[in-house]
Amino acid sequence: MGGKSEVPLLDKNGKRIDGRDLEELRPVKMEVGVLKKADGSAYVEWGGNKVIAAVYGPREVLPKHLANPYKAVLKYRYNMAPFSVDDRKRPGPDRRSIEISKISREALERVVMLEYFPNTMIDVFVEILQADAGTRCAALTAASLALADAGIPMRDVVAACAAGKIDGKVVLDLKKEEDNYGEADMPIAISPRTGEIVLFQMDGLMTKDEYMKALRLAVEGARKINEIQKETLKDKYKITNLSGGDNNE
Amino acid sequence: MGGKSEVPLLDKNGKRIDGRDLEELRPVKMEVGVLKKADGSAYVEWGGNKVIAAVYGPREVLPKHLANPYKAVLKYRYNMAPFSVDDRKRPGPDRRSIEISKISREALERVVMLEYFPNTMIDVFVEILQADAGTRCAALTAASLALADAGIPMRDVVAACAAGKIDGKVVLDLKKEEDNYGEADMPIAISPRTGEIVLFQMDGLMTKDEYMKALRLAVEGARKINEIQKETLKDKYKITNLSGGDNNE
Amino acid sequence: MGGKSEVPLLDKNGKRIDGRDLEELRPVKMEVGVLKKADGSAYVEWGGNKVIAAVYGPREVLPKHLANPYKAVLKYRYNMAPFSVDDRKRPGPDRRSIEISKISREALERVVMLEYFPNTMIDVFVEILQADAGTRCAALTAASLALADAGIPMRDVVAACAAGKIDGKVVLDLKKEEDNYGEADMPIAISPRTGEIVLFQMDGLMTKDEYMKALRLAVEGARKINEIQKETLKDKYKITNLSGGDNNE
Amino acid sequence: MNRENETLWTLKSEYVHRLAKQGLRVDNRDAFEYRDIEVTPGYVTRSPGSALVKLGNTTVLAGISMDVGTPFQDTPNEGVIMTGAELVPLASPTFESGPPSEDAIELARVVDRGIRESKAIDLEKLVIEEGEKVWMVFIDLHILDYDGNLFDASALAAMAALMHTNVPKYEDEKVIRTESSMKMPLRRVPVETTFAKIGDTLLLDPVLDEEKAADVRLTIATTDDGYICASQKGGSGALTVEEIEMIIDKSFEKGDFLRGILKDNMKG
Amino acid sequence: MNRENETLWTLKSEYVHRLAKQGLRVDNRDAFEYRDIEVTPGYVTRSPGSALVKLGNTTVLAGISMDVGTPFQDTPNEGVIMTGAELVPLASPTFESGPPSEDAIELARVVDRGIRESKAIDLEKLVIEEGEKVWMVFIDLHILDYDGNLFDASALAAMAALMHTNVPKYEDEKVIRTESSMKMPLRRVPVETTFAKIGDTLLLDPVLDEEKAADVRLTIATTDDGYICASQKGGSGALTVEEIEMIIDKSFEKGDFLRGILKDNMKG
Amino acid sequence: MNRENETLWTLKSEYVHRLAKQGLRVDNRDAFEYRDIEVTPGYVTRSPGSALVKLGNTTVLAGISMDVGTPFQDTPNEGVIMTGAELVPLASPTFESGPPSEDAIELARVVDRGIRESKAIDLEKLVIEEGEKVWMVFIDLHILDYDGNLFDASALAAMAALMHTNVPKYEDEKVIRTESSMKMPLRRVPVETTFAKIGDTLLLDPVLDEEKAADVRLTIATTDDGYICASQKGGSGALTVEEIEMIIDKSFEKGDFLRGILKDNMKG
């Protein structure tokens, strides 16, 4: 959130730099079962973001002392490909990706039925192949699909979306330039059936009114994302009961 | 030991830059039971040094293969806070702190009754919050107090002190500028009941006479430090039998 | 393979910078049993290369989960001393030494009778004390001797040698300047009894004819190296049956 | 990692939940009451700025280090902030030596965002030579005793330390640490307030036992001029929009309370 | 490391060997036939160059990053190539998080050598200011799905990415990523072909099951002008001189086939 | 870490103690007698300086590397010394691969202090351009065979290497390694002598079995002009002031003996 307003992010008609309205999502494409070796996988293209998620498990816990006799251990690894951003990212986890992995894991722990698989581990790996702001939301959205694709029982399919503030206006789903030069960003994720917030962060400067408006807008965005998730899974499995979704083979 | 004598460390009356006599200790304050979560703890302020020590254990040995069926494993971690020195210290152990941790642990192994607690681990952690030369002595002095505070049986309470050489004179207890521009430093620690040396290092240039004078001076300094240790423990526990000292609650 | 032909590597008589003929090896000296603490050891001096190898094992596998119930685990560590090259090498494995260790281990796995020692580990350590091109060949040659010296049963004693291309000519056994300014390098190792290739790499630019010529030349070089290996082991043990070689005590 | 007895924790957790249902807490505080807060600015006398904060038994020492470095390419006319946190094993039986854990990283980043996003520090005043030389402000959080709610204690310690920081002189390509060129240039006073949800009950400033029993944690950073500048949810539970709105209101109120403590401290 | 059932692998391996003896393969290919190959250049639209390669189920994404740095002391008039490979755990149950494994390092180095030793990139054209500033070409291989023969897929992806790479502009000490100063200057088109030996049978382009059953692997990199530029044996088996000669011949033939695919792609 | 049989070591230790009580040693030496010492300077002919030292079976190779770098800010007119030690696993069944152990770090630092604190190297002569460019002297200790007393062997090897070191030429911003500008400028000849206390008996130059049986170790570094320049106690035992005084006397005597060996070597 640079807040350097020298760069105008809204034109005189109130349109955004990519022509979107304030409360409009970027184009989103989803696909499941895109990888051969993973137990479940999904690909999400969201504006300029390209994200791929894979799920392995339930499988043996390594290292063994991490095993939990009451439930599965969920792991989440958010990783950026070196070429996904303008300034090459050095391989390996940095502080940012460790934080994102933590809060994304916590979001999924709310819905994945870990208690069904004691003494096992479920690994969720997400690779950011191209980044255009909102990668953590795209990643978590893809991860949920991959979990469904792997047939992991879930209470709900988590959907994510961000809202933010640019040129003084609350808007949905920031793209890169809006994130760089805007005034605030608020990535969230919801459990759509209950409407509860399972991932929540905000940075930038917002009044309480702006903040609550952004929150409600982001929840609505996440609901739209969830519709696309549901369509994607339906197309794949021709069934509506998601948590009963079968394996991708 | 820079030995750059351009900086005069003694005035014409033979007084040191902080007004001390050659064989005078800096002011020392000690307190035990300063932390809530640790099994034992102590705070030592020694000149410009501020040092805090904590003891955990005897507890389960991790990793398990380090367990010794005949005695407790003693660990010692000397760590400097990043802001404790003028040039910010990067977090994490460096070569200097690894060496200091090793020789400090060896000093304590002489007195802690490790044989009472086979298959366990006793952790001693010392944080240097502000550094003014002699931190390893202050740290070890605090560590001994924290061990006593934790009720760990010991043959003796180790006390430490340094002597050194500045402007050609053997002096007690160097402060930072004296350490930087002086000619030699000799940190030691003793087991006060026997007078034995349990930690011993020296660097700089000294003749044998200077060396032995410094050694005897440092031993005397450590004895004075030990008196303060004993007072501190007495004040806290109103008893004189140190190794029978009870827990800090 | 810099291929910067500004530096002439052959004189008008076709002699190399150290006076060698195109197909001539550098002087090679070998010795076994050079270390006291290792179970087997060897020293190889090959041109300007000085290499020492040690073998420990069969011994307990650490960490334990790597143990194989059907055969011994073979480990190989190629390491350069910091002062072995002009630009000081920072201690610890780099990508190059990890790759060399891998392919050298694979070469030895062909001949060492690992199946005789299930659930154990055999460690091969090689230190490059001075480097003059061809260090991986010298290292593997020394490692084979050290394994024989340790009495580890082997189907064969692996011997290594490189060929390459300088100033347009295929030559045997490049030295440092030839490697730096030459056009191609091809290090290989053979199992001499069968003539099979057990280590094989090539980089640089070669036509098929040059390539096959280099390969045949390198095999011949490795055979010569193997003769010296056999002499060395005979001198030491006064026996010809290498795989029955006894321990060095 | 937690070496304490699992069963004991289950019992404690049930106890905390039972209390929460009745609107009670383990230490008899009200739901939205802070523990006793002690702020000791200038604790590390030799550093350019520092503060020790005790929030009940939770103890955090924040220290500021100042150095001269090159600015980031995309902000040539701004100083640089770097925030780190060490959960040193001295502070808790569950903290371990080694590289920073994900908890330490999250803590450092959330404290950092409160300061960075509120533009609390006037970074343009920290430029020595545009594009070439700027002041680097290192904020290091040293956790000394861990009894819950590190976020609020650490953010408070960091802000108290910054408010007492002197920027050294820089002359002839050298940092002169014994002399000061100015006070740290500050524009806003962000503080962080952390709430835990135990069952359906929301609580401010959880102690360790509450933190462990809680399903979810929400930290809100507010400024003295009425902005929210950072938020962070933690834990595997969930929050409703209504709960978040209620927390925001409380957060401004409690933020002003914390700023009052900082202000008193500046005078004292 | 391999968490899959050991017995299952033994059975699979025996099956692969039995087939190989009869000149057959698990997927009914001929011995020297590649799987289906799909090359998608420019996959990462925001990077200066990239390509996604699918070789059967094996999927590799190569991305090029360009930055300005100082040349190596001994080659002041040459740009710099750096090649890395990440075997991200997404791609296989046997890949693990953490520092690069020896397999990842070998892969990156063999792909690197094919490009470097063939002088495929005209490094002198990547000099901005001799001895001071040159372009650094980072070739990063991201393995997305691992079903054998990473070498050929990765080398092909790297080359396809380089063939579609635009070198950014560099003006006023800044990289202008949105503008291009030239195409990546290329001189040769190296590709790599990998053979596995199962029992006494040689096969091109092994799938994972064949790779695991194989005793030995040989990778040969050839250029479009008739040179071999790199070779690498892997695995604990052995090869005869005659086998190597036979592989070289096949390698040139199959290398031309792969170059044909790259060429078609340049047009399309 | 020690993979050798614990019981065996206990028996060996008892044996060493029994001998020590009678004033005897496992290899029949006198209490204050060194093992045979062989010094081979210039062992690594291609490095600017090196020496191989055999102290009985203990074998240490010290190598010097010279490079040009920037001096430390607080010593702009001095060259830089860096000392490292690798306890490579080749040397002992108890040494392991990986980052330097605390033993390796202690060894490197004690050898370093002997040289640094005695001002053995005239660091001002290693300045190329004050405050900008100085020679960096890397002293690397490579332990090849470990049979006790690495301190004395390593310090001796380091000093022998330095005494035979040629400082390369530096011209036109380049190090010309094939030419020498001067001998390493030395002012003093520090050596280290190490004593072990077994029961109440003091011994010089312990072999591995003695080192392991010993309660405490004391290393004293002395100079040729009558100074002590470094000391280091190791092990969990203790020493009396009287024992230290006695060791100091022996240390000067034995230091002169070691310096004699170095001197003989300079001639030869």
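Chains: A, B, C, D, E and F, in written order; residue numbering restarts at 1 for each.
Simple rule for what comes next: a contact is a pair of C-beta atoms (placed from the backbone, for glycine too) under 8 Å apart; a residue touches a chain by one contact, two chains touch by 3 or more.
Please read all numbers here as calculations on a predicted model, not as lab measurements.
Traced through touching neighbours, the fewest hops from subunit E to subunit F number 2.
The chains in contact with subunit D as well as with subunit E are A. Against reference pair C-F, the listed pairs C-E, A-D or B-D yield one interface repeat, B-D (criterion: more than half of contact pairs the same by residue number).
Put simply, the chain farthest from subunit C by mean CA position is D.
Distance between subunit B and subunit E, defined via averaged C-alpha coordinates, is recorded as 57 Å. Computed centre separation for the pair subunit B/subunit F is 27 angstrom, with centres defined by C-alpha atoms. Shown for subunit A are the residues in touch with two or more other chains, of which there are none. Shown for subunit F are the residues that touch two or more other chains, namely 100. Neighbouring chains touch in a ring; in the direction leading from subunit C to subunit E, they appear as C, E, A, D, B, F. Subunit B makes touch with subunit D in their complex at residues 35-38, 41, 48, 50, 52-54, 56, 59-60, 62, 77, 79, 81-84, 86-88, 91-93, 123, 125-127, 129-132. By the touch criterion given at the top, residues 1-3, 95-96, 98-99, 101-103, 106-107, 109-110, 184, 186, 191, 194-208, 211-212, 215-216, 219 of subunit B touch subunit F in their complex. By the touch criterion stated above, subunit E contacts subunit C in their complex at residues 75, 100, 102, 105-106, 108-109, 113, 116-119, 218, 223, 226-241, 244-245, 248-249, 252.
By the touch criterion given at the top, residues 3, 43-47, 50, 57, 59, 61, 63-65, 67, 84, 86, 88-93, 97, 99-100, 138, 140, 142, 144-147, 177 of subunit E touch subunit A in their complex.
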